[in-house]
Amino acid sequence: MDWLGKALESVRARKPLVHNITNFVVMNTTANALLALGASPIMAHSPEEVEELVENADSVVVNIGTLDESFTYSMIKAVLRAGELGKPVILDPVGAGATRLRTRVASHLASLGGVRVIRGNFGEISALAGELGRTRGVDTATYDEARARELALMVARNCKAVVAVTGKVDYVSDGVKVYAINPGPPSVEERVEKLVRRVTGLGCVVSALIGAYLGVENPLRAAIAGIATFKLASEKAAEEASYPGSFHVKLYDWLYRLEGDALARFGEERVREA
Amino acid sequence: MDWLGKALESVRARKPLVHNITNFVVMNTTANALLALGASPIMAHSPEEVEELVENADSVVVNIGTLDESFTYSMIKAVLRAGELGKPVILDPVGAGATRLRTRVASHLASLGGVRVIRGNFGEISALAGELGRTRGVDTATYDEARARELALMVARNCKAVVAVTGKVDYVSDGVKVYAINPGPPSVEERVEKLVRRVTGLGCVVSALIGAYLGVENPLRAAIAGIATFKLASEKAAEEASYPGSFHVKLYDWLYRLEGDALARFGEERVREA
Amino acid sequence: MDWLGKALESVRARKPLVHNITNFVVMNTTANALLALGASPIMAHSPEEVEELVENADSVVVNIGTLDESFTYSMIKAVLRAGELGKPVILDPVGAGATRLRTRVASHLASLGGVRVIRGNFGEISALAGELGRTRGVDTATYDEARARELALMVARNCKAVVAVTGKVDYVSDGVKVYAINPGPPSVEERVEKLVRRVTGLGCVVSALIGAYLGVENPLRAAIAGIATFKLASEKAAEEASYPGSFHVKLYDWLYRLEGDALARFGEERVREA
């Protein structure tokens, strides 16, 4: 999967300017992940400057993790301006489904026309599907493989965006095709999962990495590349660290160390049309 | 102290949902500490969704470290709703005594009826005691062992909550009994103290851990368990790291690694009625 | 450079109270850097308490990295109150030049009379110079050594403050003299630069460290000491870590480990009137 290795090299060469309007818990985490990868993050959310920053950015990451009125207003402004300018936006609907506010805001942002990728876990994308009025009975947030594939495809069609449902198998769809990023061998997977669940903001990191790739690739490829990069880096980090504090540190190290060739091989082995 | 080991195992088995309305400086730190321990943190402070989150949470952590009007409003809403539902709240009155605003807000939150545990250092709990109008001459924030014990007992009575005054010896009282969590041998204590003082937000971490235990135990036990867990994890971390950056990383590792048996033994050796 | 070693020892002995009104991305980072060095940070930005905190602080750090209306209001209040009380303020004009809002707010803060040190990179100080109406043709933010020296001198004169332009060579001027903090040997410099660029908030850390030194030294010396401390700590950290996650951890370790003698020697070798 040569394009995958080249996408990573492009990020490093072109250092896309990624404007992040993201939650307070992970601002530092995602900025550091983007820098480690080789992109140039800007973290800013003031309604007064958000449009000007979008104009200069290569891509925009919108994450509703700790939203309030002012944040929501900034995110709407940013998405609308990005839409006008044709700048790609990734939306991370953190906690959609957990409160009505989040489901509503996420759906509204998705409807504004600027969002090119939506990445969430099974529950979040389910909530988005429910809110959009095309599904029923979304009463569980328990990951289900067949349903995750279907969700990615359906929400991608409804939202006219690439949708990534991350979980045991990650599904990415542009509304036409669906791709799976498959887990590693069970022993590796178990070890990695145990650590990834014990560090905050790693879903947000995946979205931020997709934001970096949106600066150099089309939405479908950017979503696959962001997920693949995170997965490979976490697997490498989990080889060197057995506990969450150390794992977190090694994750940044590996976002920096990852090479295009290794990522291309990862893609060949683990990414499949599904 | 079997219940202590079992409390840790319960947190890991039941993964209590801990809703944190906390300060911007430590959001990432306390979320990672809760995840490392095995709890499920939610970090959210928007007045629009705070009540809905309280309804779904097992416990609530309210920390006034970087308060402003909107935060204060959210914290009041959360404490009132938790009180109505009987969900336990821990209040961390960060910086009470340092500004009039903080003393006032902390006292007000403590008076709303939902707070089950208050944890602060000597100066913070002293300020709370002064504000409540039952003490005089609280003109020093220098830790004093006999006074710390008395403070815990008195503020617990006044506030009808469990109060923990953390310091060299930590005192926890429910207004009837007082328990001390004693320091280790001087050489260990000195080494740990030197490092704990050089990392931000570790008091807030203790409060967050108490929040996790509030999801599975009564307030008195939760306070003791949170403090004991932090102390044991820091002592273990300080065995492996001599400087604050590395110590901080190892602290998360040890919150994850700690075993129920070791915590139970720690309790037998170091927790005493005082 | 004996005073430099003594300044570090003074920070450790006197633990100056440094009040930080800083951006959300780096709050945790700069608080930890200040604690590792030996200072006492307070992070607080509520307009309601900001003046009271300034009254008790030894120095104030004002950083516009994620400003909004409420933050701007707090920063203005803090700078004015510090000016009245003669408490030293350092201003970090993060992103000045990147948006009109930031350039305007930074210039306004610089004009209020309380700011004793301004530290920024070449682009930020250039923007400030442009806004002040005394320069022309500031159309590039690419570091230029001769221009950096001139900028430091000129903006120091215009703003009646010590100005530090950090870059390959760091220039510090009080409007009369200019000092250079010179890079190490190329092989060291390249290694350090590669890592420093991959961790967020390290410019903010330099400003925070200057804030700590402002609690014990005059503005010119505080600016030199803050920069020298950061440079030496990063060089040491880069000897022990090859990747950004690990480097970041080691940086805190070295801020704690640095000794006065080593810093004095660093000053003798690397700080020159320029």
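A, B and C label the chains in the order they appear, each numbered from 1.
FYI, a contact is a pair of C-beta atoms (placed from the backbone, for glycine too) under 8 Å apart; a residue touches a chain by one contact, two chains touch by 3 or more.
Fair warning: this is a prediction, and the values are worked out from it, not measured in the lab.
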Inset, instruction - Using only the C-alpha atoms, find the rotation that maps chain A onto chain B and quote its angle between 0 and 180 degrees, to the nearest 5. - result: 120
Legend entry - Interface sides of chain B and chain C: same vs different residues, half threshold: different
Legend entry - Separation of chain B from chain C, taking each centre as the mean of its C-alpha atoms, in whole Å: 34
Inset, instruction - Spell out, as numbers or ranges, the residues of chain C touching 2 or more other chains. - result: 24, 28, 248-249
Inset, instruction - Using the touch definition up top, name the residues of chain B that touch chain A in the complex. - result: 24, 27-28, 31-32, 35-36, 41-49, 52-53, 56, 70, 248-254, 256-257
Inset, instruction - Enumerate the contact residues on chain A facing chain B in the complex. - result: 23-26, 28-29, 65-69, 95, 98-102, 197-201, 243-246, 248-249
